[in-house]
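Once you scroll down, you'll see the structures, which are given as structure tokens.
Look for subunit A in each of the two complexes below; its partner is subunit B in the first and subunit C in the second.
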Partner chain A sequence: MDLVLQLLFTGIGIGAVYALVALGFVLIFRATNVVNFAQGEFSMVAAYLMVVCVELGLPYWLSFVIALAGMALLGVIFNLGVYYPLRHRTYLPVIIATIGASILLSNSVLAIYGPQPQVLQGWFDTPGIQLGPVYLDSQYLLIIGVTIFLVLFNFWFFEKTLLGKKLQATSQDKEMASLLGISVSTMIMITFIYSAVLGGLAGILVAPVLFVSIQMGSTIALKAFAATIIGGFGDVAGAIVGGLALGVIETFGAAYISVPYKDGFAFLVLIAFLVFRPQGIFGERVAEKA
Partner chain B sequence: MPLLEIRNLVVRYGEIEALRGVTIAVEQGQVVTLLGANGAGKSTTLRAISGLAKPTSGDIMFDGHSIAGLGPEAIVRLGISHVPEGRRVFPGLTVKENIMLGASNRKVSASQISREADAMFDLFPDIRSFSNVLGWTLSGGQLQMVAVARGLMAKPRLLLLDEPSLGLAPVIVQAVFRIISQIRKDTTVLLVEQNARMGLSVADHGFVLETGRIVLGGKPDELWGNEAIAAAYLGGHAKTHA
Partner chain C sequence: MKLTRREFSAGLAAGLAAPALVRSAWAQGATIKIGMCVPVTGPAAEQGLWAQNGAKLALAAVNKAGGVLGKQVELVIEDDQTTNPGIVLAFSKLAAQSDIVAFLGSIRSTQVQAMAPDVIKVGKPVMIGGTNPDLTHSGNPWLFRFRPNDNYSGRVIADFGVNTLGKKKWAIVHSTDAFGTAGGKALTEALTKLGAPPVLDQGYANQSQDFTPVVLAVKQSGADVLGTYFTFENDLGIFARQLRQLGVNIPWVGSPSVVAVSSTKLAGPALFGTYGVADFAEDSSDAAKAFGKAYRDAYKTAPDNQSAWPYDAITILSAAINKAGSTDPNKIRDAILATQKFAGAEGEYNFDKNGDGLHGYNVVKNDKGKIVYDKHIDFND
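Now for the complex of A and B:
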């Protein structure tokens, strides 16, 4: 029982990272009808930004702020350079452009930093606390805390603010939104900035748990992409639930079945969903696309 | 000076010439109805006015200034609100949210917009009880009410209404047209209709479009009076009306 609780904690912690990246996927998909294959590289770039700032001797919190500001800027550049010039084309050129951008980002970091993985220390000096039978790692606590905050923020932002409603309107019918005077290009810009920051946060938070490497982005993104399918593609709640479920499943799979096949469990679950419930846990809300 | 003046408007979609030199004028305070068969260019005319379709040549003057070539976001800020064909109510937003977003062209606070949206239900009492219901659950008539209410939230000087009667039961059509006759007290309206009888019943002036050209224009009585043309363009209603 103790082990189960311990695994559940770790699983939710890592699942929260997948959830954040998956949320970025979903928000961009809803706004532009395109899957952003560079979403994982957002996490990787943010982690490296963090490493650079910390190595320069900046305080951890300041590095954090700078890294997130850098991600917001990357969101702007990504929107203007990758999405905007192709916005009137079909989804295919845009998807290919995001793949191109992801290759550019990872190879740029490779050229600057080399292939050896970097280590980023955690936010807290204390490694964790013992709560009864369960050891709560401080970094996982931080990840879970930030994710809970962001899920609440996301709900408030999209459901309770006029700007959130304008973003939803834009994702549902761009032409109609523009007829009402909603600046569609601004709404999409905001979506890219928000998604880049979400992906960046995930990267920064998970960096002390994993190594900071060029490949970390694609690993996280693959899991997050699986999470969006498991949760129900295009569904915000589905991305969060799918991410958490995936984290828990692979942690338990690693503990009880096989450690080397840890990454495989995520995709086993994905295949099972694609075969038996392709619409995901929450199903696709078809009506919204009518 | 007319509030809206369209001169020699040509709109091409690739090889297809949807409008081939349309000239119409809408005076302040009027309701003007554009009639014509499917594909005659009625919706394209409205889309060109609101900036959704780019004019190939010709000019569109609103309040004395050319708006041809401006984008839809800029045009709605000038006070032209377009309620497009098919209602286009946001399916994943509630009725009230849809109506509130109609004020996106104006700089007003969210609480002010919320109050105005509540006041809008006085004009549309039938949808008041659906205020918190998602758009996709509504019936055609309800969607049309929401679409018009949303269009009015822009506080337009000119309201473009595209086929408000399309696909609605006769009793609902009458309700929609009652609202149009109420709107006209404050707002100039350019109405596109296939239902000539209803379209002309509220109009001060009518135009008939045929394959991208205006072939006839005049007061509703004159249009009905012209036997040959009434029979050809306005359908069998002409005789029953006379």
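Now for the complex of A and C:
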């Protein structure tokens, strides 16, 4: 039983990381109908910004604010440089452009900061707490807390605020939204800023656990992408549930079946969903969407 | 004199080509070229940089002492991207330059394995740092190893743990790549010979983000000592921290990555008190101390095995070409194999017929973040 609880905690913790990155995927997909393959790199860039600020001697909270502000700026640049020029084309050139941007981002950081993995201190001085038989890593507790907060925040933001409703309208039908006087390009800009900040948040939160390295983003993003498909592409709740499910499944799969095939379980679940329920847990049926 | 159009064209072509031909002939004669496949990008780009540092340091010394066969030595670097397809591509690019006389391959066994078939086809000496024993034992005459192979690391880990620390209940954790699998196997065999077969043999896939299941397996096995073969330092860092968080504090004797500079930095206190076998230990010999000083002077950081083996490889290869008196691959091969009792940064080189230069390891300890030399264990077979 102790074992199960410990595995469950770690599974949810790592799943929450996938969920945070998956959320960024979903928001951009809803607004633009493309998958942003540079989402993982957003996490990596933010983690490096954080390391740079902390090394400059800035307080942790200020570094955090600067890193997220930097991500907002990156979101603007990304929208103007990658999405905007290609917005009237089909989804394919845009997807290729995001892959290109992801390669550019990771190699830029490599060129500027060098290949050495970096250490980022956690938010708390205490590394964790022992709760009976279970060890709770304080950074994972923070990640889980932030994920819960974001679920509630997203619900409130998209359902209760005018801006959120405008964003929803844009993602559902761009032509209709612009007929109603909503500035579609502004809404898409806001979406890119929001997802860059979310991706950055995930990167900063996970950096003390996984270290800061060039490839940290891509490994998480691959799982987050699987999580989005499992949850239902385009669904915010789906991204969270998909991410958590994936984290728990691979942790238990590793513990009880096989450690070397840990990544295999995640993708096995992905394949099962693609075959039997391609719209994911929460996804709407394709026919309904047309 | 009457010039036909064809003669004119031929003359023009020859006239245009001549300077280029002369230059390339001059360039071929001016330097001796050594190719180096090394990670410039990818997960091991950091270590790749150190490898280049080590090689360049040796190169500078060789050139200062008059070079090779009276010519300066030049290093041609190609990025292997830390991947197997990457190194195959990098090696084929280098091999296409016919004036490169010998090569430096990877410190990663899996990459050496990937390039091995092409090495046979090219038929020129390749210095390697990968420690999977099979690499020099599968009939490939062109691979020369500048680090002790995992048969020795496994035997040294087992010998140190069983005879020095007095521990008999072993848990083994290893990567499932070529390096980790071979290392885990070698350790299991060595322990079985010493009458202490492992109670747990646990593999994991590289670039795992979480090691909780592995740590819990170690905990449940009831082992009183841990032996590890980790390939990547960030994996090791995550594992070490989770191991301590979940309350596992048994003695730990690991492969060289446990005591590598970047692991020590990443994992911090989680690795205090661990033992590692290290092919390079700065205090183990005068040659190692001299290399350490030169490296610190040049690069202002501490050296480790990533930079020590390319340093030795360039030094010994250059000496071998000088001794061979020619760049003929077979003569270089004979000269390398004839290298005996050579004091290198990694230890004393005595090449055997398989192309293995070293036959033992140092055991070092992480003493509150400082790597201190403990003892050297050498084998004769």
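Of note:
Quick note on the criterion: the second predicted complex is superposed on the first by the 284 of 290 C-alpha atoms of A that agree within 3 Å, B and C clash if a C-alpha of one lies under 4 Å from a C-alpha of the other, contacts with A are read in each partner's own complex, and residues count from 1 in each chain.
In the analysis below, contacts are C-beta pairs under 8 Å (C-beta built on N, C-alpha and C of every residue); 3 or more make two chains touch, one makes a residue touch a chain.
Values in this document were obtained by computation on a predicted structure and should not be read as measured data.
Judged by the touch definition given at the top, the superposed model places A:Asp263 against subunit C, while subunit B stays out of reach. Contacts of A:Ile220 after superposition: subunit C is touched, whereas subunit B is not reached.
Of the two partner chains placed by the overlay, neither subunit B nor subunit C lies in contact with A:Ala272.
Contacts of A:Ile148 after superposition on the shared chain: neither subunit B nor subunit C is touched.
In the superposition on chain A, no contact is made by A:Ile103 with either subunit B or subunit C.
In the superposition on chain A, A:Ile77 contacts neither subunit B nor subunit C.
A simple residue count on subunit A separates subunit B from subunit C, and the partner touching more is C.
Once the two complexes are laid over each other on the shared chain, residue contacts for A:Val119 go to subunit C alone; subunit B is not touched. By the document's definition of touching, of the two partners only subunit C reaches A:Ala254; subunit B does not. By the touch criterion defined above, A:Ile129 lies against neither subunit B nor subunit C after alignment on the C-alpha atoms of chain A.
Residue ranges on subunit C touching subunit A, taken from their complex, read 41-43, 45-46, 48-49, 176, 202-205, 207-210, 212-214, 216-217, 220, 233-234, 237-238, 245-247, 262, 265-266, 268. By the touch criterion given at the top, residues 3, 6-7, 10, 14, 17, 107, 110, 114-117, 119, 127-128, 135, 137, 209-211, 213-215, 219-220, 251, 254-255, 259-263 of subunit A touch subunit C in their complex. By the touch criterion given at the top, residues 161-162, 165-166, 168-169, 172-173, 175-184, 285, 287-290 of subunit A touch subunit B in their complex. In the complex of the two chains, the subunit B residues touching subunit A come out as 50, 52, 71-73, 76-77, 81-82, 84, 88, 90-93, 97, 100-102, 104-106, 110, 113, 136, 150, 154.
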